[in-house]
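Heads up, there are several structures right after this.
Look at the two complexes coming up: subunit A is in both, with subunit B in one and subunit C in the other.
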Partner chain A sequence: MFTIFMFTIFMFTIKNNFKAFWIPLSIIATTLIVIFLLGSILENMQKTGVNSKERVGIINEMNHPYKDEFDKMFEGNELKKILEITCLNENEDVQLLLEEGKFHTIIEAYYLDGKNSINVSTVYPESYVLAIATNFTQTANTVTMVMQNQGDMNTLEKQYNNKILKTKILEKGNPIGLDYYGVVSMLQMIAILGIIAVYAILDDKTKNIFPRIKTAPISNFNIIAGRTIANVLYITFILVVIATLASLILGVNWNGNYLVILTVFILFSFIITLLGMISAQLTKSVTASLGVIMGIGSVLWPKYSGAFSPFIKSTIMSYVSPNFHAKNVLFATIYGGSTKTIFEGLVFLFIIAIVMMSIFTIIERSKINDSI
Partner chain B sequence: MTVFKKNLKVFFSSPIKLAIVFLLPFMFVLLFVSGGTGNLPTTVAVFDHDNTKLTKALIGEIEKSSVIVQCDENEVLDLLINSKVEYTITIEEGYTNALLSGKDVHLEDTYFINKEKLFPLMMSIEAYLNNAVNLYNISNSEEDFYLKLEYINDFEVSYSQKNIEINSSQKTVDALGFMIQFIIYSGIILAAFLLIDKETNSTIRILVSPKSLASYIFEHFLSYIVLEIIIVASLLTTLKVGFDYSFNNNFLLILLMIILFSISIIAFCIMVISILKNSKASYWFMLCATTPLIMIGGCYFDVSNMSNVVQNISKFLPTRWIMDVIRDVLLYDNTEKVTLAIVVLIAFTVVYLSISRIGLRKLLSNK
Partner chain C sequence: MVVVKTQNLVKRYGDLLALDNVNFDIEEGQIVGLLGPNGAGKSTLISCITSISSYDSGSVEIFGKEMKQKAYDIKKDIGIVPQDLSFYPNMSAYGNVKFFSSLYGFKGKKLEEQVKKALEFVGLWEKRKQKPKKYSGGMKRRLNIACAIAHSPKLVIMDEPTVGIDPQSRNHILDSIRTLNRQGATIIYTSHYMEEVETLCSHINIMDNGRIIASGTKAQLKNMVSDESTLEIELENIAFNIIDKIKKIDGVVEAYIDNNRLLVVLRGKNIDEILLAINESKGSIVSVNMKKCTLEDVFFSLTGRTLRD
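Up next is the complex of A and B:
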């Protein structure tokens, strides 16, 4: 199968790729910068617990002593670190303020019909304020019940305020921001290399190689296979370099099974190469292929692997994203996931590669027939 | 105006380019912003081996703000890795008795990476169980305790919450972050006309004709500006009218600012093309520059989350200035930075175009 002609094409492509040395240099440098930036942001968020300060409006019209206690709670420096608090008048239109984006969350606390009620309206289901307001309500009710029973909170023999949760660190540790983006951003950035496959295909077209090879002993299979293998190995090589440098310079954790990691790199490189080849075949234009590669390889697929935010849910769309499966396999081998997860991810990557290869073959056959 | 007319004709006769510029941005806005990504409720797996009234009540409390997922305890790590579960809590047998009798016992929790998202939930669990123990300590019997526990959310103070699904200004900011990314892509696509001229040596042929270098660049630039105005205006109008995104009566200001930004991006692309030797290098540079330009410029994250060094570097990027204006105007109704941003974006455009002129002159003299 691997003929001398294929080897010639393979060597020619490899030589061509490495001749433009600024390509690997720039992709490696850019990827390391992106990993560092995003990793640092995530680590900062994990320390402070917030992405950006939540803007909270408060209308407090409760009766004594709840009104004072509620105000006192929000005056604390700890809450000011994570919330941007504004006191509002009771006549404000809450829905409008939220719609206009002036606030993320508004607390309306009133004394009505002999009872205090706290209502929180928010555009953030994960708002800190929900937890704070719930805690206030529960603690206020507990204190009231204790006082009604015993007259004073201090009369409790031992006021219970212990630590309830004890976090179990994963067997091989939890990833920090740099570890996380070291994997997902690398997979996102490497998609740009699909442009190499675009050039390979379009060069063949513009130089009219296909009609000419029909009269030569080199089959078009040899040309395509030679070019594909060369591009896959080239992208895999760059992935290995990025992973190694990210580990050495940024301390990104890559302590998994190296054979599994390499398999993922090869399969992923193959998929990226196929993406470039398919887009080149379909669009016949570098500019348009670039749009397809950026749209699918740098935005759509990475989105489902959590490249833009770790807050993702696996959906049907995740299953067609090679970044999602590659990320799962890599995290599984690095952080002690089961063999089932590794195997499942590799199978999905393989299926995606096969489907893309079939699409490419169908287009290729129809185009060659057209040109002849 | 031959170059100008040719560029417009070529652009509108390419369905793929039109799809990339006009359809792809909305596809992504629909997928990423309208579909909701950042504010999904936490998925929690609770393994309750104690199964008491208190642990059931705790699960009920967790369920108010999160989604409880049923799964096998042995698969926890895989589910955390696959993003199917974000947080797990294990309640050991005998936990309730030990807790209520004042023993130092804990609930075991695990997560993979999303710690910051879990802080409010962790806080709620801590507070709920601490209050429960305090109530237990004043209760006469177990029945009395559970009766009191039922009133924990509704006694002297009651609590209710409303999650509001609206097209808030924050959503518009998120959508515009994506739009900015596609406006950069459209800039690359448009500037490719100049690249094609350069590759096919048309630049040289045109420049040896009576057409001056200044008028050649001007016609290219003018065609890009007209196309960018059409692109930006259609994208933003569709976002406002078609998708009902809120612009807080500042639609025109945002539109003009983004048009100004797109012009600076066009100038940047022209500069890259005029400096670099061939099309491969130009495309490559623009591709590699796009992601950091978007990330450091604050299209996805507020720049204030980054270190001071990165924040200072970002001031040299047009993306930072446009995103600052978008955030200030839409989220805070603050137009203070607008004038400065206009000056800076114009300055970027002038600098980029001046460098392009030098680059093209050099190309001409070499040939």
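Up next is the complex of A and C:
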């Protein structure tokens, strides 16, 4: 099945891809600009899809005299305007409530190792509660409120890195928008690179290389496999470059499990490559294929699937959108989401890849190659 | 050995019968011409022989084995020069030839050697670093050939390799084809220039409307029409009784004067006697021209049309 020729085709494709260096260069530059624009300038307008009123859930396990004080604080008239507070049962799953978008912020107050502690988990970009809690732990002399038993600001920030989204702490830190748009914009922009897969299929036809390839002692499978692998690795490479640059230049947070991140990159690149190859076969035209890729890869998949929402919410489109699942897995690994979220997302990405590969194979088999 | 053998090959494009029961045999070492007007089905026949296109019925054997899509052991010994230029215009000529011959399993030093040989063969070695899009038409045609022969194929199939280029480049290409043949390659050469086919090919197949309407050596084909030829002699002073004298010579079918030219239709080889007769009657010869029967005449007699129609 696999022969040395596949490697020949692979090397040839890689070389050609890197020769047209202006394509990835412009994609990389544009993506970084988009991340920056959406992340820092549009952040205030878009609020990362979060309502202006912060939905706060309180789980109070404290049987402590300061409990009243604590409750009173959130009952203040001013705070009522910006907070929507609900008391929750002790046995609620905090992670799930946040992931489902039912709450922006959850305060857990509990008694641990002889200390009164609160733990604030939030997905809200400018969480008032977090600001108050931070202030409170720093200034209160009479009350010891420990953030998971660690009181200083640095560890506080670290704690929140581990939440679903890194939170913008009011006085300092990077805007959450950059971290957020760093992931979703990159996935959206990279779809355009599906065009190199279009070229891989249509180049032979437009440049009339077809008769030579068809008369060479090499199977169609090897040619397509060689090219596909080359293009997948190429797109993955560009994704890594964008992620690294976004982290170095814009400070976007990628502190997750690198193996999971790389797996998402590879699967996503594979899906984008297949999208390019399928549209090339169906439209037989580079321009039309570019339209299909932009329409599906850059609009339909990211925009109408909830891939742009910070929450794990599902529409019908969500199931077929690789952007949606890739985003879920990436956010989950970077911000300490559940293993279930990571696993589910990867499985969905895998299924989408398999389905697209089958579609491609069916079209490839059925087409009649009479072109000389 | 029979290199290519097709039996009752039929290929349809919708209602159009592009190949109509084609039977085609090629012996090892031949240069076989495939001559026919535009749309005769020459390129289609080549595509079917090489498994580029599928066909509806019939069979194709190459080197005595059944030719199929997956017959890689046959394919490795075939080189094809497509009618339309077939290479990457933005990649150097060297890169092109190297890529295509690497598809035939050549690697490293051997690959470089083969590429060099092919580019030198078509006279492009000096310009190997240039991109073909900057080449002239003739150079592109030569590169098109180089890409097909770098893997030293035993069977080279050329589909109008000289179309649209100047006579000098054309002669260069025709010479290279003869050299290839001397080096042992069997060659199928497609063209609608009958002069080319006539000078190059030992065997000729004439195609029209998807059928091979005649095949054989040059002499065999011409004999199909007639064995007559016309001798055209330009004279300065013509004695009128010469016509009668010449008509008495053995083998002369017809003789007449047109302006100051004497035209003699004859069968066989009695030119000496005719010239002697003119000398005797004190005619002074300006030029002599032997008009032989051409493939054009063969095609005309078979179809009632000319090749360029």
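Here, the second predicted complex is superposed on the first by the 211 of 372 C-alpha atoms of A that agree within 3 Å, B and C clash if a C-alpha of one lies under 4 Å from a C-alpha of the other, contacts with A are read in each partner's own complex, and residues count from 1 in each chain.
Heads up, the rule we're going with is that contacts are C-beta pairs under 8 Å (C-beta built on N, C-alpha and C of every residue); 3 or more make two chains touch, one makes a residue touch a chain.
These numbers come from a predicted model, not from an experiment.
In the superposition on chain A, A:128 contacts subunit B only, with no contact to subunit C.
After overlaying the two complexes on the shared chain, residue contacts for A:292 are found with subunit B alone; subunit C is out of touch. When the shared chain is aligned, no partner comes close enough to touch A:257: not subunit B, not subunit C.
In the superposed model, more residues of subunit A are touched by B than by the other of subunit B and subunit C.
Of the two partner chains, subunit B is the only one touched by A:331; subunit C is not. Touching subunit B in their complex are the following residues of subunit A: 20, 22-23, 26-27, 30, 33-34, 37-38, 40-42, 44-46, 48-52, 62, 66, 95, 98-102, 104, 115-128, 130-142, 144-146, 149-150, 156-168, 170-171, 174-175, 180, 188-189, 192, 195, 199, 283, 285-288, 290-292, 294-295, 298-300, 303, 306, 308-314, 317-318, 328, 331-332, 335-338, 340-341. Taken in their complex, subunit A has these residues touching subunit C: 4-5, 8, 12, 16, 203, 207-219, 368-372.
Note for the complex: subunit B touches subunit A at residues 14, 16-17, 20, 24, 28, 31-32, 37-43, 65, 75, 77-78, 80-84, 89, 102, 104, 106-117, 119-131, 133-135, 137-138, 148, 151-170, 172-173, 181, 185, 188-189, 192, 246, 248, 279-281, 283-285, 287-288, 290-292, 295-296, 300-302, 304-307, 310, 330-333.
Remark: subunit C residues 13, 43-44, 46-47, 50-54, 70, 72-73, 75-76, 78, 80, 82-89, 91, 99-100, 102-105, 147-148 touch subunit A in the complex.
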